[in-house]
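Please read through the structure below; I'll follow up with questions.
Letters are used for the chains, namely A, B and C, taken in the order the chains are written, and counting of residues starts over at 1 for each.
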């Protein structure tokens, strides 16, 4: 059976000509039913653009997205696919209409996407508020009367309202206090158990992704450089970028004796990429081939894929 | 037994709280001008609403009592036809205030609807609408209204239409600018994902969030509209004598000033000034975001 | 030797009995990095702004003292901080917003030298370039001629640090200096701050909500909640032997499995007693009053009535 979501050769370039900005440069990614795939990367790596293309908010320049067997064509996603793929955004205060009550906001997807008649919405809304841990009385509140954590719960409730199969979560915990993040992750996991929904979880925060994802994809400059089951990736990162990223992520574990790999320099501008591997200027393992040829994702072991000559063809380096 | 925070054990500790909290200053000291404006306006509204039932017939002439100075019988004196100036001013309040408010509301409704279309969809529609407003805005509002009344013909309704048309571009501009920034916010994407088609996104989601600047301007426009309407009437365009209207009254009374009969034009003129000032005070002080 | 000593700092809204900071005290020794950690609404940024004399309108200092090298900076009549050049410098969360967008960054740093040391334009410029290379900016001369918008966030933060160091401050206040930056860039900035502390012997007040960053960077930690100091101690004390219920709650919510259905309210600034009272699992009548700081170990203090009970031999509930 094919995966629920199949992304193949997906590309997005903003603008044209000399200033063209390639945000996503050929991404292949599968999300199975009931699975959570985490996508991590630093600012400008294209993770949010990828998320928006999957949710049908941004039209891809090239490549395709297949969802449950049917091809999604860019932004004109059919209403049925819109119902089945929902998204939660980074800034809860911004992603809710500040002039609408919580109830009115939650009723919209029910009526417009699921075709539920108006008189049945109230029960469904109160049930959903319960699922995300909010009191039914929140139905009449407006976003400004809620705390950041509560707003994000409303946003999650709205995304779940039309009973989707896939929810794209774009940095859903980044703007929340640290003590709330764990709770939000626990909530998302419980919802997944109850509703059997798949998540595409976008984040720059490795700690958060580690707690929720089954598999993790690491993006750098618009490409996935490593993808592996969460445990494998965190215990034994293979791509030099993943290694560096994991080694410098701050940790509360005072006993951890890891070697910090502080990368030199900054991420190059996507408008002016070098020939060959885009990580070459910061890579400790760089050799001649990396400057001539672009590596592609290649399997390493049973479940892992890495895009690096030094890892996939170690004999040459 | 300690309970998990927030799960509500039966004997939850209820911490004591400060009584009162932050002392909120009365509106009068936070926004004194707005309160002055509101007081003036309430007096006007009262006059306009119930005044006409208590005062004399505004168009009944009485040549025997022409040009009497203000007295207890005639609070604002009488004009050269012996009509009671106060009675005319009160009747006029009803006409002018209604015109001012209705014009402001109509201009806002039409202007915001067009503005949100331009701002949310952008592209060629926006380009066309913006050039159109450029042309309209190139004329001073008063001149534009003057031309329009000349074309449409003299009648109260036509004055209303002309003045409304002159103010619509302001609201188009304001709402468009706000909609341009609103459409970049995440809630617009959220609304799309909730199944809203673009018309609903624009009018149900973006429009209500883009109205704030227009609401403030509408108050100012109500004041301007009164000035414009009575200004046109003063020039003899639009509302004509013997209708009781402040501009008409000032225009008629202006001839009497030389003879020392100041009251026939001063009182209606003062009413115009006070009314538009009241609207401006309110609009100005609420123009900043409410603290 | 404590370079900076803040004591009894109480700050509140004008015309209101509520306080945003209540009797806050902490100190920064020479050559040490002290973490001021708390979630949103904890008052950590307000404490920094008070020290810098940058409080916004409508907020007043009610009491407190701020001393540098034993010298009182708080004017007892006006309750404002009168700091001298060289006392303190501050770097902010959004460096791009803190720099003047219309002036080349080299000139901005040079101005600090001209104003402080009265040196001429050429000398100031060369000092500025030297300072830029000292904070690890490659091609300092070229960068000095750039405007802030031409530089990345990490670069701008280095420029901010260079500008702060130009004042030769005894204390560097870093308010969420890396929150807006990527992990790999954050690692570089952390290394830079550590190196500078070692070189100059300045003290750093490191303000953040990120516990992991605190664990990485700080020697001692002060935990704030709702404008009250909850606990202070060495890094080991706070992370390995937390004594205050709030600290425990905070650490647990990040590290352990949590119940997703506990609803988080914001800080209630109108509580008379302990601000954590309404969320604390141990709260009882005593907590309607404000607890003192109890010594619970060498250099380790915590504000909680539980410690009073322990001292009276009643044992923990």
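Operating definition for what follows: a residue touches a chain if its C-beta (ideal position, glycine included) is under 8 Å from a C-beta of that chain, and two chains touch if they have at least 3 such contacts.
Owing to the predicted nature of the structure, the values given are computational and were not obtained by experimental measurement.
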Chain contact graph, described as a line, ring, star, complete graph or other shape: complete
Which of A-C and A-B has more C-beta pairs touching across its chains: A-C
Intercentroid distance (Cα basis), chain B paired with chain A, Å: 49
Chain A and chain C: spacing of chain centres that average the CA atoms, whole Å: 32
Contacts with two or more other chains, residues of chain C listed in rising order: 249, 259, 262-265
Chain A residues touching chain C - in the complex, by the definition given at the top: 42-43, 133-135, 147-150, 177-184, 186-187, 189-190, 204, 206-207, 244-245, 248-254, 260, 262-263, 265-267
Contacting residues of chain C [partner chain B, same complex]: 13, 15-18, 249, 259, 262-265, 268, 270-274, 277-285, 287-288, 317
Contact footprint of chain C on chain B as seen in their complex: 2-7, 13-18, 20-23, 25
Footprint of chain A on chain C - complex, ascending: 39-40, 138, 152, 154-155, 182-188, 191, 209-213, 215-216, 235-236, 239-240, 249-251, 253-266
In the complex, chain A residues that touch chain B: 52, 55, 57, 79, 82-83, 86-87, 89-91, 94-100, 105, 108-109, 111-113, 155, 158-159, 161-162
